[in-house]
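Common to both upcoming complexes is chain A, partnered first by chain B, then by chain C.
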Partner chain A sequence: MAGNESGADMTPPSECVVAEPVIASIAAEAAQATPGVLRLASGVAGLVAQLRRETRARWSGLDPAPGTGVTVRRDEPEPGDISVRVDLVVSGDRTAVRVATAVQRAVRDAVTENTGVVMRSIEVSIVDIELS
Partner chain B sequence: MSRPESAETTTALLAALDEVAGLRPAAPARKASAPRWLPVDPAVLAVDLGEDLVEIRLIAEALPLPPLLSAAEAACRAALADTPWAEAALRLVVVDLDVSALPG
Partner chain C sequence: MEVNPTDYQLPCGRDIEELWDQLSADPDHTDAHQRDCPHCRTARDSLLALRAATTRLTEEQVIPPAGLTDRIMSAVRAEIRRTAAVTVPAELGPVRISEQAIAVVLRFAADQVDGVRARRCVVRARPDAPPGVIDVELSIALRYGTGPAERVLTAVREAVAAAAGNGVGVRVAGCDLRVEDIY
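== the complex of A and B ==
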């Protein structure tokens, strides 16, 4: 996942790449902190991906930031085309559409600010609304 | 490019990255109980020296990444100067994020 690329006339090219798990973790943190979001929902594929990541992380002495509930996809062949999908459960106290819009903004701002990566799309899917 | 040159350059890159707080090589952790006979620092596994491309895989322990990556890029370029890889492309890949990087 290409983040940014630099290279002046006389200097060899350099490229910084931010991998999908990093973007997923930042997006998950931003979404979780949005008012009205109760939790992020993870499907079976998400749980498997997180388990795989945690296993790899244990090997490298890493305590990985959680990214469950967020799917990051790079659309080939354009490496800059990054799509993010967030699955979440929201509170019935707030308008779901407003919460979803706030999540989109929060994810966009957090990922761009923290990684320099600009996303092509951020899809928010509300899988459940809990009434208190 | 000889094997000693590769080893020296890898060591220089790892030393350069050591100066950049918030990023560390993505390699098996070396525990205090690691056997002393282990011939190499596992961190060398995070560095690939190709003919035209130097790739280094990193774990982020702080955010935001752009200033950290700029510092890492400058440090690595300085380490690569006067080596056979001085003109090689450099790719820094942040493969994962430590939970300590997040404010929550």
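== the complex of A and C ==
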């Protein structure tokens, strides 16, 4: 965000960057709360990241918000250009694609409301449909 | 132990490698020079601290967290399933559904048809079609005496198409059935 350059105030032009793990954990929480979503699935890279975070949590005594199953990508040329991928396991009771679009909306609303970040794309990957 | 690729000499002329070897052999042994020389004493103290720290690290038992194997396996499964997927474009970004996950749903639907046991089910995104259109290959076994095969096969096709539409949200373009067995 650019500061007010023409005004008389002393605020220099400033930038606000929201770290990826913050976006990931907000997105994860929003996705998890969407009806029809059973759980978030993490790939190998996600698991490694999570184990690393757990280890750090043991040292520091803090319990950071989990962002498993969410990958945040920041495209370099445009610093604000952020895309998110969510990996899910959904229930077979509902139409999987509808659950996925609901997750996209929930993630967009939650991230924009809590951080002000507008994402370029929210990809939802359904890795499994569980029949009850 | 090689501390440095080249020999590392202390300002007093002693070699730090030698000091380390000596510490490894007998940590308590010192000669007259080492007791007085400030360089040797400092080096000795830091090497002893290093030894104590590394010994503690090697003695520490590393216990993997509970359920680690399960988590690794489900991560690997998710990784594989993500690679082969049917993509459906949506307003906010693409929705990708694992072909294998779709196959499980369709196979289950076919299995529900009376007189049919579903076996193998393969789902592929149709290459030259709009996104969200799939081809299905399903092999089944029929119960003998259920009725005309024609009618049963139509019922299977309908069940598969309905499950793809309602359960998943994709459209079946081609549904190849293969009757492999009778029971």
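Just a few scattered comments:
Keep in mind that, in the parts below, the second predicted complex is superposed on the first by the 114 of 132 C-alpha atoms of A that agree within 3 Å, B and C clash if a C-alpha of one lies under 4 Å from a C-alpha of the other, contacts with A are read in each partner's own complex, and residues count from 1 in each chain.
In this section, contacts are C-beta pairs under 8 Å (C-beta built on N, C-alpha and C of every residue); 3 or more make two chains touch, one makes a residue touch a chain.
On a predicted model such as this, the values are computed, not experimentally measured, just so you know.
Shared-chain residue A:13: touches chain B; no touch with chain C. By the touch criterion defined above, A:54 lies against chain C but remains apart from chain B after alignment on the C-alpha atoms of chain A. Judged by the touch definition given at the top, the superposed model places A:92 against chain C, while chain B stays out of reach. When the shared chain is aligned, chain C comes close enough to touch A:124, but chain B does not. In the superposed model, A:108 lies in contact with chain C only, and not with chain B.
Across the complex, chain C is touched by residues 41-44, 46-47, 51, 54, 83, 87, 92, 95-98, 100-101, 104-105, 108, 121-129, 131 of chain A. Those residues of chain A that touch chain B in the complex are listed here as 3-4, 6, 11-19, 21-22, 25-26, 29, 32-33, 53, 56-57, 59-66, 113-116.
The touching residues of chain C, when paired with chain A in their complex, are 65, 71-72, 74-79, 81-82, 85, 88, 90-98, 101-102, 104-105, 108, 132, 165-170. By the touch criterion given at the top, residues 26-29, 31, 59-60, 63-66, 69, 73, 77, 86-104 of chain B touch chain A in their complex.
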